Amino acid sequence: MRTVLLTGFEPFGGERVNPSWQAVSLLGERQPLSGVDIRVAVLPCAFDTSLDALRAAVTEHSPELVICTGQAGGRHAVTPERVAVNLDDARIPDNAGSQPVDVPVVEGGPAAYFTSLPVKASVAAMRAAGVPAAVSYTAGTFVCNHVFYGLMHLLATELPGVRGGFVHVPYTPEQLADAPSMSVATIAEGLAALVRTCLDTVEDLSVPAGTLH
Amino acid sequence: MRTVLLTGFEPFGGERVNPSWQAVSLLGERQPLSGVDIRVAVLPCAFDTSLDALRAAVTEHSPELVICTGQAGGRHAVTPERVAVNLDDARIPDNAGSQPVDVPVVEGGPAAYFTSLPVKASVAAMRAAGVPAAVSYTAGTFVCNHVFYGLMHLLATELPGVRGGFVHVPYTPEQLADAPSMSVATIAEGLAALVRTCLDTVEDLSVPAGTLH
Amino acid sequence: MRTVLLTGFEPFGGERVNPSWQAVSLLGERQPLSGVDIRVAVLPCAFDTSLDALRAAVTEHSPELVICTGQAGGRHAVTPERVAVNLDDARIPDNAGSQPVDVPVVEGGPAAYFTSLPVKASVAAMRAAGVPAAVSYTAGTFVCNHVFYGLMHLLATELPGVRGGFVHVPYTPEQLADAPSMSVATIAEGLAALVRTCLDTVEDLSVPAGTLH
Amino acid sequence: MRTVLLTGFEPFGGERVNPSWQAVSLLGERQPLSGVDIRVAVLPCAFDTSLDALRAAVTEHSPELVICTGQAGGRHAVTPERVAVNLDDARIPDNAGSQPVDVPVVEGGPAAYFTSLPVKASVAAMRAAGVPAAVSYTAGTFVCNHVFYGLMHLLATELPGVRGGFVHVPYTPEQLADAPSMSVATIAEGLAALVRTCLDTVEDLSVPAGTLH
């Protein structure tokens, strides 16, 4: 059995659910991938405590692959993130009432980390499974990017053999009448295809997936 | 058995598939609704011949409900249309090379027809099934609106007991890397929920579903 | 002198300003068009009273051309509307607390009216003046469409020699940090080009300006 | 006199103009800022030669401030970029036919550079001037990001006293009928306000301007 850690976030910004955790917890219950033990953890949507919770989960489960997920309200696809930046700039307070502006995630850390996930192969696999997917080049500057950067820093400095990355997911149809959305089942199907691809892929596809701006 | 006619369009605008026909033909094969006989027809994406093909299909199948569907590239939800306007204004040539500008669909017809489908109840049912859905207030001015208007005119003038309307569906993930999309299976699931709702609903929900502009 | 009536709306939806009235009142002060007397009126954003205020302004000023304007938050261009529909469906309460759902603007009126403005020539003139502009095929189902439909009904039934239509305008940069926007000065410049075009144009351009959906 | 270098790009992607160079060359002609000598240069839209051209312009003009600009088709605001990433991933070939995929801008360079422009103060100044503006957190992975990263690397490694950054600008209304756009005059007005702000501002505003994702 290969062990993978998936994390999702608790609800934030006035929402009652967070599709990232809904999909991740569904995968934890269903265990849809043969030969893969999916461990799951929910992270607080708070700058101060999210990385401690992530570290605790990594320590507890000793995964070979860590995929953190979060809600990206307004996006219409499952979007693996390529770049984490060393910057917190919170448009709204987090769930603990904290709103850092223009401070680094890790004092003295590099300006950015690139994901170690094969994001292009993952996107191809999700699309082949009928799940809308695309590579993203910004994870924002809120708690999602904070956790993404913190994860990559943890792996780079303490766990060099573990791969990891971050995936943003859309709203669900239950959340907002007018926004792009995707059912929890479809999100989970996409994440399962992504996990399978990450485990099976040594080198990412060399196909263009960039953006013009 | 209750008979429903679903139509989809052939591909247009350089696309190799049309998700409206993919989803509709899937429903014709699967027949997912008990007590309902789903008949299907593909319409040419051409101003001159689409309404003849629609009339022929209606005559052949004698449905109690007619739902025409078409591709709305760029939309992120299954969108039942509320209003058909008596106007052709083609941004691009249709599949027969015709590009009418500022001519009515039906000379002397009313400026618009409203759908006779319970669009609000249908949207609620699709969302409850996990399918992103929303009411739309413009079907454009290309062949989709042409067929929608032509259908409503046919029903109003010749078949007053038959209900009908039009539903736009998104691209599929196979079509375009960056656009909002939805799998054929999800689109078909949404259309099935919509058909069931239309058959079961006498009066539409009285809830706000309008747009501010 | 040729007399034109321009109307804008008071703020609504929690906004402190309404760019439609800001731009229209600026044009009333500046009077930028030689040989044209621009009269202006602000309309309440309320279903019950807006059409009475419009009728009063038309009676007072006896214009040969009436252009009503309103805010379309989220649009990125000045958008002359082509179609008014006989439907009120209010997503939010208006400024008087009224929220009609699925009622006609005018009981027994036609399903829709087309504008009598040369919208394509107007869009071309605005774009030539450097103002982002596009034809729109839905004015929504809130007070803007209500006033648009009411105006066209008034002209059709009582003032056949007067031309009229509706134009939606974007937010201004002051209103919302993340939405598309346009300065009041640019909006006013666009409306001036539109008024000049409407006065000078007998027959609209015959160029494609439709939408695929 | 204080010397500022502004660069724009030549047209690419089938366009006949590039609004970045149109606006920058207009500022070079008009010289709207008292006490400021605006020098301008046009850069080729090519990975191989753009940074040589940039270096040559910096050497020739010895500016205290360098602001590179580029077209971001589809954006609706003037957007100062905050982060340059060390990654070329070209969705389309550049003007020289080159299409690098997943290669660094500078072999061995840091993963990213942050701008040294006061982007928040600049956005505030542009908005106060009526010009739609917003901070951006991704400059893409095409030639714009390539030049942005190359500029920041040049300044960091060879010219530590010079400040610099990158600004994306929208299409103009002449380019594409349906996309968000802004006139060259408005873009130039925005860039002038940005240059003035960059010269006058020692420390950027400490206000939230981040994104949730």
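Letters A, B, C and D mark the chains in the order given here, with residues in each chain numbered from 1 onward.
In this text, a residue touches a chain if its C-beta (ideal position, glycine included) is under 8 Å from a C-beta of that chain, and two chains touch if they have at least 3 such contacts.
These numbers come from a predicted model, not from an experiment.
Novice: What are the chains that chain B and chain C both touch?
Specialist: Under the touch definition, chain B and chain C have no mutual neighbours whatsoever.
Novice: With a step meaning a move to a chain it touches, how many steps does the shortest path from chain A to chain C take?
Specialist: Contact-graph shortest path, chain A to chain C, evaluates to 2.
Novice: Could you work out which chain's C-alpha centre is the most distant one from the centre of chain C?
Specialist: A
Novice: How would you label the chain A and chain B contact, same or different, if same means the shared numbers make up over half of all numbers there?
Specialist: same
Novice: Counting only Cα atoms for the centres, state how far chain A is from chain B in Å.
Specialist: So the centroids are 37 Å from each other.
Novice: Nearest whole angstrom, what separates the Cα centre of chain B from the Cα centre of chain D?
Specialist: Using C-alpha averages as centres, the distance is 45 Å.
Novice: Averaged over CA atoms, how far is the centre of chain A from the centre of chain D? Could you give it in whole Å?
Specialist: 30
Novice: Multi-chain contacts in chain C: which residues touch at least two other chains?
Specialist: Each of 209 in chain C touches at least two other chains.
Novice: If each chain is a dot and touching chains are joined, what shape do you get: line, ring, star, complete or other?
Specialist: ring
Novice: All pairs of touching chains, please: list them by chain label.
Specialist: Final set of chain pairs in contact is A-B, A-D, B-C, C-D.
Novice: Under the touch definition given earlier, write down the residues of chain B that touch chain C in their complex.
Specialist: 13, 70-75, 82-83, 85, 87-92, 99, 101-102, 110-114, 137-142, 144, 168, 204, 206-213
Novice: In the complex formed with chain D, which residues of chain C make contact?
Specialist: So the residues of chain C in touch with chain D come to 76-77, 126-127, 130-134, 172-174, 177-178, 180-186, 209.
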